[in-house]
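Which chain is which? They are A, B, C and D, in the order written, and residues in each are numbered from 1.
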């Protein structure tokens, strides 16, 4: 499928960093959903660069255009093509580095993969800019999930470099994440993170980090074992975000050094519902949702493009050389990645809700299942 | 697709823990491959329980039967159905715990997912036993990868509880992993791991751990961006193994606290080939292989079934109660999971090699690409 | 996908004519359906050879075995593996004709497709025997369609050689089709058809014909435009039946010489429902069901294996020669193909009903949509 | 998949008749193909309305725009988004007929399918205008097939109303089809067809017909049994063209009244190649190509929109009424459908050539298989 993901809510991505546009075709969105264009644009704005001093100064206006699938403001059931046009591109530097691949960057593998025919300007198809399309498709998915089931998906920056956020409640995340440029709901940690990013930027270096994401109100019983599990499908989608190198659910890697008596989430009764008293499993057992929040953590590697000199090879002469990448790059991509992680999660979760029959192909007045 | 994975090398899984059999249908295996039945059986034997004192005492003879797709010992291009019959099952205890779900186990979510119709005996469809099918399909994939490209896939136990193996070379892993019951190539660590497992067993508890896996000799340029990346497809497949909760590539989670100048793998020239001087990226950039070893680490949670009493709920009365799971369970599943992780990796990697055109649909005398 | 068909009700076929078995894995059958094994076996018996003097004398007992996915007689939601073991095979003659392909038969293309590795005995993977698997999956689909929506699928022999059946009502088809060996509900035509088949058999020749099939009670609005139309998916599935060479909906080919004023089915009101006054469109407009009976006609070519001498080529010497195919072959496959056509239609229709949300993933007491 | 077709050469369609545009995303086109934009536009021009007095007077300029996937005039391996903007639309009449469905047209089923949310202007998503997208994707596929294998795909009008073209050679079709407005290579028949169309138009009526199509130079051994056959995949794709109601291969429906001794194509030797002496099988046996021309015939129903009054129902009042469809409609769609049929065939055939490994993912200088 390569550039398409999903089974019932299917997203096909297209576009390159320095081509004419970046977009998606969403196939399978239920008919009858009143598109909230302002929310869609607001989500794109969260991803946009140039929001603060911790991100690249490339200016992308990124006004979403909806080319199909919406009539009188309502989805029709036909495929929805959405895109943003590319502007403010500076392709001059890329010719210069054409044959000296940047360490940690996909331009070497793109060369191998596409036999030299790839669009190498600005990372081309491998650029983080393609995630603008994920956000459009994800914003739409968020709307449908909210309308039909009150499902909310929220992410935040949980680590940058050496600074880790303490555990945060859902309410804290909701109210405080957007109050600082690094998108960490803990103000003290946020300040430290910001400082560390600026320091790295000044050193011509970059930082990695993690995004923690949670989806509330997903009913129990969602997920398709054995291969199309909630975890597997989320992980696959998350690894399509450039720079992601690890995906963990619940306590994640820490489970390796725990005992069963510690990690098993005990069942308890709250009101008339069965719940788990803890959530080290991240809301998923056997690939299927438990009804607790679906929680996962995504690790981003440091931005590979740095201005510090690095060892590389001239592919034409096969001689070793160095490269120093000038240009407008994020010293840490994590803050801008938060809405992308949420979007990818929304796409996967809506797809699974539809597979489970919880969301119909035509939405009624209240968004309920309807044929 | 639920129970099918892969695009060109497609594996469909079927069977339950206490049903008649567990098996797979492999669709898309190239024609002309001489099936090595002994290797296939040997791989199954590595997964089999009852191999040592660190695993369950359930005896599964697990002789593979090939029902279709092989003629005169050679694959025909037709779908290959393989299975093992179930024997030595003890279903008596499951009726007793029918309505008191085991914490950390999928029986609660299975109930929610299948409305009470699921086969609940021995975990049914959610049992680790289904991975016997993965191993059959994976052993076949390993054979084709080895014949066509000399690709080798090796895993080992890199952590159990508090004990972590030091970094190991590929040769060490190859020669030493199978020399102890925990499948850790470092003998000292292996002894400690074994002790910790036995201690947990005696306490009626269980342990988690990690498996590290590497694939050698994959050419550069394999992988399908943006959604069908090497990392995404491996991760998705790995999460189909029961108890997996995290997947990391290369330095994985540690990248969150590294700088770009540290994590970027510099390019260098070895002989007449471009290589990376380090491999913190795990052999994948932009979802596409670099030519370095593809390396990843999988975290397994502790086995949920433990004999220590745990809090749970009686689903019929909605009253809280406790459960103590008797029966034959692995106190730590990690050693037996090693061949399963390798198998899943082989399935995904062969699929990607076929998508890339490196493996044909009909193998010639030397396994080369041939129409 | 090759050997898998369907999106939510997915059928994976395996097995060869002279291998160990022929079977299917059905993935996605709703949980909670009480399997009617007698109906399943009865459907297989309709396809079985040796039922009368108009079919091959090969005896296939064909007792279906269910290997997975059913627990206490009820589907669990897990994949259902079903198969029949092969018996009474006579593979002796096939070695003899290994290098002289039979005209009209797939053994030449199989040779080209699989580079000589195919199982050539009895047509191997290309044999009509693989349709036993379709019938198992189709019988199950018929049961679910009947329970959930009262949908009935019926086919009959509408032409053999020069003899065409007059138009028949659904009731006539239901009551009379199984009363003669050619499965034509018109007794007079049936007698003529039978005579013509026996004559062809005696001449060492074979006959083609058509099967007409209708599905009653499908609601309007089923079908997924633009590519996954009811017509397209039915046609694709029907062409997987060996010997099918044409598929028509409604008036089919006759529409080429009609005018719009003749072929457009006018809308009318019957009770409180909108219906079409005629059904030249075969119950489908724009790839979506109208609510009228879905009707289509399938053309089968004459059985290629005939005992009359035919021109062929020795593939080893590239010299022209003749071949006379002895063995037990149907002089006309059409009567036995009727349940196969119905089965394929049931598979496709159930899949579309599930995509449309009309059939849930878990069936309640009355088969209604339920999560 | 709904709006996506293909496995390796994947086409996703979007757009509506009276929306902003109609387009496609092509995913999987090999990298390294120099796009022939003039050919692409010329193919679109063949489909365009307003070419002659036998088609609708709606003017669609239809200049193709390539939004992604092409760099320096060469395909990059990234998804190729292509579209035409809609102009010269007249949506005024559609509001008027909103609740009185046109007999033979999809607006009734669209209403049922999408719960009233569909874009009903000009047929919306069900309009023949969406086939402009098929032609873009098909023109590109034709180019790749021609460059890599010299495969040519040609169609012509073989019947309109009562007039059938005699059998035509490939050379005749190539040289004469485009010489008259009905695209029938036999001039005498063409004149009669044109007359009949004009007569139907004057009567406020419409005509059906057939398109015969042939693909030359496909190698033997292409096709994926048992479900993804050449015939099945072609048929499925062809039924996505509005108004198609029947698909036949080779002698097609006539095979029903033939004997095996007549219909089996004998093998013979031509030069050093095995060929069939006739081609009643349409170049496909067992779903796999024989090496002969792949030949099929597609039946189109008469255009449903006619100005003659027809019976219909007012969906709001459930009262019977009549409708007379004014507006610019083709009295016979067949001539304009010829390039659409060819395009769909090219898409399917390239997809199968890629699955078979005959076309690589990266094209070298001569278009050969290359990694």
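One rule holds for everything that comes next: a contact is a pair of C-beta atoms (placed from the backbone, for glycine too) under 8 Å apart; a residue touches a chain by one contact, two chains touch by 3 or more.
This is a predicted model, so every value here is computed, not measured.
The minimal number of chain-to-chain contact steps leading from chain B to chain D is 1.
The chain with its Cα centre farthest from the Cα centre of chain C is A. Rounded to whole angstrom units, the spacing between the C-alpha centres of chain B and chain C is 38.
If each chain is reduced to the centroid of its CA atoms, chain A and chain B end up 27 Å from each other.
The set of chain A residues that touch two or more partner chains comprises 1-4, 7, 13, 113, 125, 221, 371.
Listed in rising order, the residues of chain C touching chain B in the complex are 1-4, 10, 12-16, 19-21, 23, 25, 27-28, 31-32, 67-69, 71, 74-81, 83, 113-115, 117-119, 124-125, 362, 364, 370-371. By the touch criterion stated above, chain C contacts chain D in their complex at residues 1-5, 7, 13, 101-106, 108-110, 112-113, 125-126, 130, 159-162, 200, 205-210, 220-229, 231-233, 235-240, 242, 244-253, 255-269, 272, 274, 276-277, 281-282, 284-291, 299-306, 308, 310-313, 315, 318-320. By the touch rule above, chain D contacts chain B in their complex via residues 7-8, 221, 355-358, 360-361, 369, 371.
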